[in-house]
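Here you go, one structure.
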Amino acid sequence: MGVYVIRRVFGLIPMIFIITVIAFLMMHAAPGDAFSSILNPKIKNINELQEALRHAAGYDQPLIMQYVTWIKNFFTGDWGYSYVKHEPVLSMITPALVNTVILSLMAQIISIGLGIPIGILQSRFPYSKFDYTTSTILFIFFSIPSFIFGIILIYVFAINLGFFPAQGAVGFGPSAGSLGDHLYHAFLPAIALILLSFVAHTRYIRGAMLDVKSSDYTRTAYAKGLKESKVFTKHVFRNAMIPSITQWGYDIAAIVGGSIILEGLFQYQGMGLLTIDAVNNRDYPVIMATTIIYAVAILIGNLIADILYAVVDPRIRYK
Amino acid sequence: SAGQTGGTSGKDDGKPVDGGTLKMAFGAKEFNDTLIPGLANDAFNANLVRMLFDGLADQNGKLELVPRLADKWEVSSDKMSITVTLNEKAKWSDGEPVTSDDVLFTYNSLVSPDLLKIGGDGGSALNTLKGYKEISEGKETSFEKTKGFEKISDKQFKLNLSEKDAVSVTNILTQRLLPYHILKDKPIKDWQNLDFVQAPSVVSGPYKVKKVQKPTTVIMEANNNYYISKPHIKEIVIQGVNVDVAPGLFAKGQLDYMMKGFNVADVQNLKRIQNVDVIAKPGDLFEYIGMKLYKPPFKDQKVRQALMYALPRKLMLDSIYKGNGVLLNGPLPEIIGAHASEKDGINSYDYNEDKANQLLDEAGWKKSSDGKRIDPNTNKPADLKLTYTQDSKTSQAIAESIKKYFGNVGIQVTLNPQDSTTKNAKLQNDDPSIDMWIGAWGGGGDDPRGLWASDAALNWERWKDAENDKLIKDTYASDSAFNADDRKQSLIKWQLHTNEQVPLLFLWTYYDVAVKSKKLHIPQDDLIDIGSLYNPQDWWLSE
Amino acid sequence: MKAAIQEQKDFQTDYTVKLKKVRSPFRMALRRFMNNKAAVVSAIVLLLIFVMTLIAPLITHWDPTSQDLTSSDLPPSSEHLLGTNNTGQDYFARNIYGGRVDFMIAIVDMVIIMGIGIILGGLAGYYGGWVDAVIMRIVDIMLNFPSLLLIVILSAFFSTNSVWLLILIIAFTDWSGITRFVRGLFLNLREQEFVLAAKMSGCSVWRIIFKHFLPNAIGPLVVNATFLMAGLIGMEAALSLIGFGVPPNTPSWGNTLNSALDYFTLQFKPWAWVPPAGLIFITILCFNFIGDGLRDAFDPSFEK
Amino acid sequence: MEPLLEIENLKTYFFSKNSVTRAVDGVDIKVYPKQIVCIVGESGSGKSMTSLSIMGLVPKPKGKIVEGNITFNGSNLLKYTFKEMTEIRGNDISMIFQEPMTALNPVLKIGDQITEGYLRHNNTTKKEALNKAIEMLKFVGVPRASEIVNEYPHQLSGGLRQRVMIAMAMICQPKLLIADEPTTALDVTIQAQVLELMKKMRDDFGTSIMLVTHDLGVVAEISDYVVVMYAGQVVESTDADTLFQESLHPYTNGLMSAIPSITEDVETLYSIPGTVPDAANFPEGCRFADRCPIAQESCKKKMPELREIKPGHYVRCDII
Amino acid sequence: MSSLLEVKDLKKYFPISGGLLKRAVGQVKAVDGISFEVGIGETLGLVGESGCGKSTTGRMIARVMEPTGGNIKFDGIDISKLKGKKLKEIRSNLQMVFQDPYASLNPKMAIQSIIAEPLEVNGIAKGKELIHRVNELLETVGLRPEDRQKYPHEFSGGQRQRIGIARSLALNPKLIVADEVVSALDVSVQSQILNLMVELKKKRQLSYIFISHNLSVIRHISDRVGVMYLGNLVEIAGKKDFFNNALHPYSQALLSAAPEPTRNSGRERILLQGEVPSPANPPKGCPFHTRCPLAMKICSQEKPIMKEREPSHFVACHLYN
């Protein structure tokens, strides 16, 4: 088990390395950089200023050198400096990351917390009216792109009913930035975000439950005279979780993607907004940092899923 | 002028009351930048810096210098030095007086190459101070050594200039000052990690930072030590807010004031919100169609004028911006005092398709059988590539109009939307794929050099014109430039020349739009442009 | 007794399957699909929307890109069924024509992505070993690269902006999931004895991939292709929403929706945003229902 | 002697949208105490469904027992609710399944799986149950029993798994053990061990065993009484010796002569022509008539009754 | 009888990966050096318990699996390392029939295409000729040519197995590897297939390698019998010899354990103790010594080698030294 985890973690390193190289090369090959947008007519010799800034930032060095410097600094905890925002990247990332983590965690929790019980209920009474109705409703939800759902949420719950803020990651006033405030602001985007995975969760759970329910070992459990509830909790549920866990791992990527769009829609100051902004400004160090964090998040998500998988399923553990 | 709209109901009648919290928003999704002079690039923060730090002088609505930290200043008769006397009452929010040392420290820091390394702008506003070059190259560290700055007393000093430049006086005096006593021991290269830089606590302006909640919110409180007058409003909460949701926030009273970022076309819609005043008046930002003038199609002045006539600019402004702007025919927008109008002889290039056709015919651009005009330079049907930013809805609309109306006079246009950084980089590098572009400029004030001089980097159209350069020089380097009225005449002369030459297809200046709740009172005279927070100490909130 | 039953019957007579109409697996799937009401209705609706975009000029005489500044921002009328935008372009025409781009992206990208998936996934699944390892490594990298971020970076990289470029970028960032999926399917099939038999018969790699793997994976693949198209329609809109999608001068549902997204339009001009949002939603819903129907059709054990 | 289990006219059908599968179609079986009854028959003949019907575990919702009685120890099991059946299952009647690979829950430890039935039916502590489990494992010949309770199914070989299944089934010392093809997935040498074990169960605990198989070799090895099933029905049932000496039904005969012998050489094997009729579409008359070498016209019209030809020897054939 | 196939010291090791870098940390010695011959028109029966390497051996001979070591001489040519075109040529002489009648036919292909595929791929027949050949093959295995357009799911298990046989016959092979071809079938159908195979063998001078774990089936069809245990061939002998006088203790146990459908056959049962060891971790010395009732000291130290104890009766056991 320990070896398994360590191996997985080591396996991530080359992956992250390659991802950074790709991101770095592509970004630098795009026309323009952070200084192309310094266009103040009051500043004389703006070309020279831009050149001086490029020199200061090291952008006039060969790409490989730049990459080497970047990666060296990165590992020493210096994630670079944003010339656009005049701030060390690390201190820009932190609050954005906190916001995004709150948002995604909330989405995940709602998604799993709703998806699993509904899936279980459905599998309890398969092909019943309840199953049919919920499946159809969920299916329709599933077909609403999250951003359209987001627009509708904003329209109904923020603009018209005013129950929730329409935008931002924190509110005004003294309670701004408190946990409650954070959760309050993350709620609508999180709801829009879960559509990506929520329905998938119910469907997976439902399918897995049905599969497991008709499996040989469930029959064995019944043959031992166990009560239905016991069979369910001990045998069916645990085995049915297994496919869901893998699904959960894949979710991370979807949630990351979804959060980029929804953060834009909700002006939620998280990693997505930061990234889009950084791309538009060609703020390289920020792009690199967010890329790495996204990649690591996805990798870690998969890793956790794998580990959970191994916890639940001894066949994996003892491989 | 066209449409002075909005609820700018003149002077406030009520008596100012003290206290209250102003909830203010910027229509910007940007995150916070730093909050000190010299390091704040984006509009969001530049505006906040205005609330936090004062300069020696400031410009009023007519672009006249008014005293702030300085009481008075005198330009010597040879125009090569300025003697400045500081305001006796001027002090920092911690009670320390503002002294000559603060000024010297600020100038030295702004020009220092160390500041450039963390993203400063090189302090180019000070480029006429003696020794600017040495200091910016790191050969010297103090203007005192280079004789650019001579301290006379704690409250008086003399600035020596290396060239005669009327505009640079304004530039130098309006620089906002840094507190020497706070920063003197802090090497510039470490500033990026200073709390003071992200959230300045000792300021010379009417408000000081109470708390910064990255990345969204800045909370400021009144600087009760402000040397001009004690601010009325106790606290200001400032946030970046999506313009799309701001109306809802106003409607629910969650927002008192928001500036910048509104869709100009939404003015009429904004007025539907209850209990708000919509302030909309021309700003200094103008839109234009740029042309790479060295490219053959644009070399002929007649062609440029024809293109100007070919566009129904009024119609475009009325539909795309719902009329929320004023047409522009020369390089200086209406808000600038020296703006030349039709009275001064400006040609307004009213939409006239026949005239456009006639001019094109004269220029030798024959129509072929299919109605397309042949570019005499290539003997092929003209096809102009128009670049514009893809994320702007209005640019898209303008581009389509251009395509349509140039098409009407036989000139084909190909649209090529790009993201703004790419567009800027390509324009700067004279990328051959661009013939024309939709652009916007602002912030140049009444100094033509940055955009119009033949050698200006931002002269992207690459307009090289000796006459123009001579006229521009008159606006800053002659003795008369130091006299406001004479200078205005020089500027008008220059504007007329530009108006005739049509180096750009001038479009319009659109309105700056701000929305404020009726309980916020802003003495109107103080508004230079709505985008700035001018004299916020005079603002007040009624219950 | 035993002697009595020694007499053998001829092999021929042991044949009991009655001669009925030949039922190929595909036909059977089709029949099951036709019995699924939701799927059939969705297919019809989708077809109608698709045809509508194809014959757009017959439905509306407005050109979706031609502007008329004198009639901008009009509310719906008999002239302009869904009103006009700020340059007087007809919303109805933009919605109808807009689908062309969406369908083009969905179809072309689906074909490219499925093509890559089948070829790479097929090779990985067929050969296993290091071929598989190399392909799956690349797939892993692509999967772990947040694809939206990649699209954003790539769009900035290519700076010029065209639908075809967008299609290529989407294909480039989106092929990995399908490839992994195909590989999984094929890896399973690889262990099946009929594939061994095909190898014994001397079939080439490609013959095995296309004649043996593919037809047996066709069910899940078609289902996935359908869901993929649904996703691509959503992707187009999402990308247009954050400004990295179809060039703004090309009408698409995402563009039309995006250009109508602000507070006042949301509140006061539903005709501007509800139709494109609705079209996106209905199209995706139809694709999903069809996909669901296909899944049931190809996998009869899923029978209700 | 009273039979421990008596199945009368059991009918278990599967209902789907447009067909009814008559998996078990009027089966009568008696199992006496301490008896080993073998049920043989071709694949799909309804052997497993008969066993599951006794356990009350016919797959829901499609499968249903539509008719018949299952009397166990004097009471009709079909009258019991699902909940009441949980008292019987695992306690009075246990069952072992064919596939030892899939019949154990992959994520639970062996010990846990064995003890849970014991804990359900006995009021003891976990520890005691575990000791009992280890004892049982030792009894069925599992080496390292006290270690294996802490292992997972995938760590065991097929033979061990099947023994675990047997230990699990026997831990409450049931009166009846139903074993559905318990050795089909095993190798001959292991099969021999398991069969030996079953006999030991019967001898040591007095358990009656109902063994489902399709292997006549196994039947010959172990059974006291044999029930031959074909197409959801019993076609012949008799004590084992009689069956191997003078089986009567043509299907039984065909089956016997189709098996190659390990001790003798046969030139050509007998083969029963044709295939089993579709359970959703049984012919009207004798279900074997189509393949029967001695069939007459009448066979195809009228379904023969299961007749008692000699005491304890039942045959479903009108010709004999 | 001249030999058609000569297998010498054939080995197949599967790597077990594990550890930090997924390196190979061990090997499953699925087949660990076996040698035998098959003559023209001869059937070699291979028996042994699950996992002893029967299928692996069969697959290596059919060359759908690369051997790790050893030689396979077919018709005088060493085919163990052939690749590409040459391998394709040899394939037509060497075919395989599989265990699972459900998995061995592509469910998405009509019977006609399934049987025609080898002919098509090898460019042997086209068009009318192809159909003719398919019809012929179908008749050969006792199916009706009219059914060639049907799909596998429309046939019963026995019929499918016939189709599989027809396919393997398409290229007119000399040797067919039949891997558990009757294990999945009911007894009544099993006999049909066995009869068919015997008949074909006679008509076509076919050789079979017939893999099964069912001794009575092996007895019925084989001319010679090879017994495998844990990747090794432990005994190989003519059918009569083997069934009347098996020498290896394992063979004897196997024979005694096989259930016989007669009551009170009076056979003495040798009950083996314990389980088959894992081929990933085979015991030292004789692979059988852990379960052998007659094991001696030497058995756990030295691996016995195959020797001819009686004419054409080979056995690898220390008892006979």
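Labels A, B, C, D and E are assigned to the chains in the order they are written; within every chain, residues are numbered from 1.
By definition in this document, a contact is a pair of C-beta atoms (placed from the backbone, for glycine too) under 8 Å apart; a residue touches a chain by one contact, two chains touch by 3 or more.
All values reported here derive from a predicted model rather than from experimental measurement.
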_Strictly by the touch rule at the top, which chains does chain C share as contacts with chain D?_
A, E
*What pair of chains has the most C-beta pairs in contact?*
A-B
*Could you work out which chain's C-alpha centre is the most distant one from the centre of chain D?*
B
*Comparing centres built from CA atoms, which chain ends up most distant from chain E?*
B
*Whole-Å distance, chain D centre to chain E centre, using C-alpha means?*
31
*What whole-number Å value describes the gap between the mean CA coordinates of chain A and chain D?*
53
*When the C-alpha atoms of chain B and chain E are each averaged to a single point, how far apart are the two points in Å?*
88
_Centroid of chain B to centroid of chain C, CA atoms only: how many Å?_
49
*Multi-chain contact sites of chain B, meaning residues that touch two or more partners*: 244-245, 248, 419, 421-422, 426
*At least two other chains touched by the same residue of chain E: list those residues.*
156, 158, 192
*asked:* Give me the residue numbers in chain A that touch at least two other chains, ranges are fine.
replied: 30-31, 127, 154, 159, 280, 282
_chain C residues touching chain B - in the complex, by the definition given at the top_ = 65-67, 69-70, 72-73, 86-88, 155-156, 159-161, 243, 247-249, 259, 261-264, 266, 268
*Residues of chain A touching chain B in their complex?*
30-33, 36-47, 49, 52-53, 56, 81, 83-88, 91-92, 94-96, 154, 158-159, 162, 166-170, 172-173, 176-177, 267, 269, 273-274, 277, 280-282
_chain D - residues contacting chain E, complex_ = 42-43, 143, 157-160, 187-193, 195-196, 214-221, 240-241, 244-245, 254-256, 258-263, 265-266, 268-272, 275
*What residues of chain B sit close enough to touch chain C in their complex?*
243-248, 263, 265-266, 269, 272, 312, 315-316, 318-320, 322, 390-391, 393-394, 396-397, 399-401, 404, 415-419, 421-422, 426
*Residue ranges of chain A in contact with chain D within the complex*: 127, 214-217, 219-228, 230, 234-235, 238-239, 242, 312-315, 318
